[in-house]
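In what follows, a structure is listed as structure tokens, so that the remarks can point back to it.
Letters A, B and C name the chains as they come in the text, with residue numbers starting at 1 for each one.
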Amino acid sequence: MPELTLEDLKRILRVAGGEDDPETLDGDILDVSFADLGYDSLAMLETVSRIEREFGTSLPDELVPDMPTPRVALDTINSRLRAAA
Amino acid sequence: MVIVGVGVVAPGGIGRKAFWDLISAGRTATRPISLFGASGFRSRIAAECDFDPLLEGLSPQEARRMDRAAQMAVVGAREAVADSGLDFEALPPERTTVSVGSAVGCTTGLEEEYVVLSDGGRRWLVDHTYGVPHLYGYMVPSTIATEVAWTVGAEGPVALVSTGCTSGLDAVGHAVEVIREGTADVALAGATDAPISPITVACFDAIKATSAKNDEPYSASRPFDRRRDGFVLGEGAAMFVLEEYEHARRRGAEPYAEVAGFANRSNAYHMTGLKPDGREMSEAIDAALRQARRAPGDVDHVNAHGSGTKQNDRHETAAFKRSLGRRAYEVPINSIKSMVGHSLGAIGSIEIAACALALRHQLVPPTANLHHADPECDLDYTPLVAREARLRTVLSVGSGFGGFQTAMVLTGDRS
Amino acid sequence: MITGLGVLAPTGRTVAEHWSSVLAGRSALAGITHFDASSYPARVAGTVAGFAAREQVPGRVVPQTDRWTHLGLAAAAQALDDAALDPAALPEYEMGVTTASSSGGTEFGQREIEALWRDGPGHVGAYQSIAWFYAATTGQISIRHGMRGPCGVLVTEQAGGLDAIGQARRLVRGGLRAVVTGGTDASLCPYGLVAQLSSGRLSTGTDPARAYAPFDVDAAGHVPGEGGGMLIVEEAEAATARAAAHRYGTVAGYAATFDPPPGSARPPALGRAITAALADAGLRPERIGAVFADAAAVPELDRQEAHAIAGVFGPYGVPVTAPKTMTGRLYAGGAALDLVTALLALRDGVIPPTSGVRHPVDELRLDLVRDGPRQADLEHVLVLGRGFGGFNAAVVLSR
């Protein structure tokens, strides 16, 4: 069953949102807010959109505003992926 | 600088009269998208114009070479010219300027042609042998300004102004500046957009900016309502003949309004995001009022941007309070996007038309679909029913992607 | 007063590189390599080779914007740097941005439209709404540098850069302290090229050295290019007060006109744009030391332009040049780059050459600067631009 890992998320963030500094996503970023990592609302919409395409799923509209950190994002998205499976 | 002719192509009816009938009655023109098959899209609602270019007087060759946006602009321009009573052939052409606004130019035509050349998106190396002769005219939207200039043979400065969703205000403001500096005596100015096309619907779907109330299409555009969920995409055009005041007075013209103040600022914050304090829109409002030599207490009516997104309506409410103070709570505000949708670059001009007609009829059109008050939007937005009012000074504002914030003050008398 | 310049062009990724290429008559036109253009009748272009967006544009902005905006952001930053102008040190509402735009984020748009039609609506990304529209570059420059004054976008195709600086001058006269103006273009993708082909004005010449030959007996259209230039226009006294390092020149005169509709008996309006710009500058024609021509390289348009120039300056009455023959026509970036080149000519007292012209049309009676740059004591120069669809603009720059 497909699962979104932190490495997947980092990879997709880099492509979807670019990065100013290659070290931005290194280290323990699970509880750092996306805003602090430098990703704005558009970058998050783009990231979620790419996740949807890659995992062949559809995620609800309310997801992006309620997903402040990578940890919350992984938990929320993976629970949806499990429910859809 | 005064408005002496108004032409409108809007959802709900072609022509100035049909437009005013719709908005003064509080009727809406939003409906399920019919211009293309929208079943795979998130937002399937739009405010479409029932516009047939041949029925509206364009020749077959004109209709073929022009994108829908240009077609609507030309039809609007012809109505404005007829309304103005000016004989453009008797005017020196070099003293006529043209300024047309558009946010997305000839997207509709560009996309239609792309589908063919790429054979449904299958070929990155598109097939040039299927290219129509006017394809370049679609790629560069200045051709819209060319077509409008040709309607009156204008030979003064001509430009297409493209500042996103404030294009419709900015194009008219630009024309006023050209007349004011003495370069021209008469302007044909306004804006157009025909964005109801898959790529544009999809791009707003992607950022969830448009309403997804597909089961309630006729009431989906709900500016300032607590249950608003985004804007409804629209299309249309509004064009004006603007004349230097003395020039108009000498020939006994009856202006709709004077463009007494115009100012634009940028929020330099985010391409789509808005800060809740509305500061830069407020700066634009203040500057426009100063130029018009009006105080906040003089404002009789505000035509809001009122797109119906959560963030816009909140941002704007804050801007009104910041600029107008106590007056913000007293003045009738409205959003006609509740009725004719958000036609991007065109709507700023369509809203100027609404203000000009409001001044002429001394009537404030309502905000439709406003049933549930939002505590964050606690001003008087003229819900549901038009309101008679003594109108002399009207403020119209716009806000758009890229951070553009524009305000225009229109006055109905010379005092 | 113009106090800063920035360039990203086929002839160079800095002002200095561009100027040295142009003085050396070194054309940057070459076969298109960005995509396989072998099936298209036009295969030559001017490309900004070696431009790495990530080095000049914030990493998070790169995926959100088209190459056209990357080039614009980079050129604007160069110009601000050249002017040693720190936007943070100026009142935020007294700075503005006005750029010329032409086809917007063309390649970004082609990719997104392709994704939509090939894969479905859900495959259009979150950035299409901000990357393709004509105002994207102005918006991004305004945000990056915190400029909250009036910002604008003018679309008049190749005349755009002149109309933009004309607007910048209006804004400065109206009280703004500084305006970033100019334009860039990047429409060398398949759909962009094919759209340009339909204008009927592209050269199908395959020899880059001869494909774009304005005012030549073999003139057969222009070569397209990408890139452009940005300029900082400042209020003159403010520039003096802060001892601005560079004072390249002023916009002494500006005028824009529009050609009569097809079928009209009235003449094209370029001549009137020239005389109006001179009148605006308060200068007689003999004070103009060089004309940077629009140089469409379409025989009828070359005739119109030569006729307009000769009509004002007399036959062979003024040196005429078109360094755009070394970059291609850059549409939204074209006139802006011409302004930069013209200011450098004023600074150094030398008129750059026109390349690609072997057999000038005698009847045009133009003193065309070819075969090398020409020294000249320049005080005032004239820059012309004509946009597809009838747009004419003329700017007089004074040292």
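What we mean here is this: a residue touches a chain if its C-beta (ideal position, glycine included) is under 8 Å from a C-beta of that chain, and two chains touch if they have at least 3 such contacts.
Fair warning: this is a prediction, and the values are worked out from it, not measured in the lab.
Visitor: By count of C-beta pairs in contact, what is the leading chain pair?
Guide: B-C
Visitor: Among all other chains, pick the one whose mean CA position is farthest from the mean CA position of chain A.
Guide: C
Visitor: Mind checking the centre-to-centre distance between chain B and chain C? Centres are C-alpha means, answer in whole Å.
Guide: From the centre of chain B to the centre of chain C is 30 Å.
Visitor: Report, in whole Å, the distance between the mean C-alpha point of chain A and the mean C-alpha point of chain B.
Guide: Each chain reduced to its C-alpha mean, chain A and chain B end up 37 Å apart.
Visitor: Taking each chain's centre as its mean C-alpha position, how far apart are chain A and chain C in Å?
Guide: About 41 Å separates the centre of chain A from that of chain C.
Visitor: Would you pick out the residues of chain B that each touch at least 2 other chains?
Guide: Residues 206-207, 270-272 of chain B touch two or more partner chains.
Visitor: What residues in chain A touch two or more of the other chains?
Guide: 40, 42, 45-46, 49
Visitor: For chain C, write out the residues touching at least two other chains, lowest number first.
Guide: 64, 122, 125-126, 130
Visitor: Chain B touches which residues of chain C in the complex?
Guide: 35-36, 39-41, 64, 92-93, 96-97, 101-104, 106, 109-110, 112-122, 124-126, 128-130, 133-136, 138-140, 142-143, 145-157, 163, 167, 170, 187, 190-192, 194-200, 255-262, 264, 266, 269, 272, 331, 387-391
Visitor: Under the touch definition given earlier, write down the residues of chain A that touch chain C in their complex.
Guide: 15-21, 38-40, 42-43, 45-46, 49, 52-53
Visitor: Can you list the chain A residues touching chain B in their complex?
Guide: Residues 40-42, 45-46, 49, 61 of chain A touch chain B in their complex.
Visitor: Which positions of chain B touch chain A when the two form their complex?
Guide: 206-208, 212, 270-273
Visitor: Mind listing the chain B positions that touch chain C in their complex?
Guide: Where chain B meets chain C, its residues are 40-42, 93-94, 98, 103-105, 110-111, 114-115, 117-118, 120-122, 124-126, 128, 131-143, 145-146, 149-150, 153-164, 170, 174, 177, 181, 198-199, 201-207, 209, 263-272, 280, 283, 400-404.
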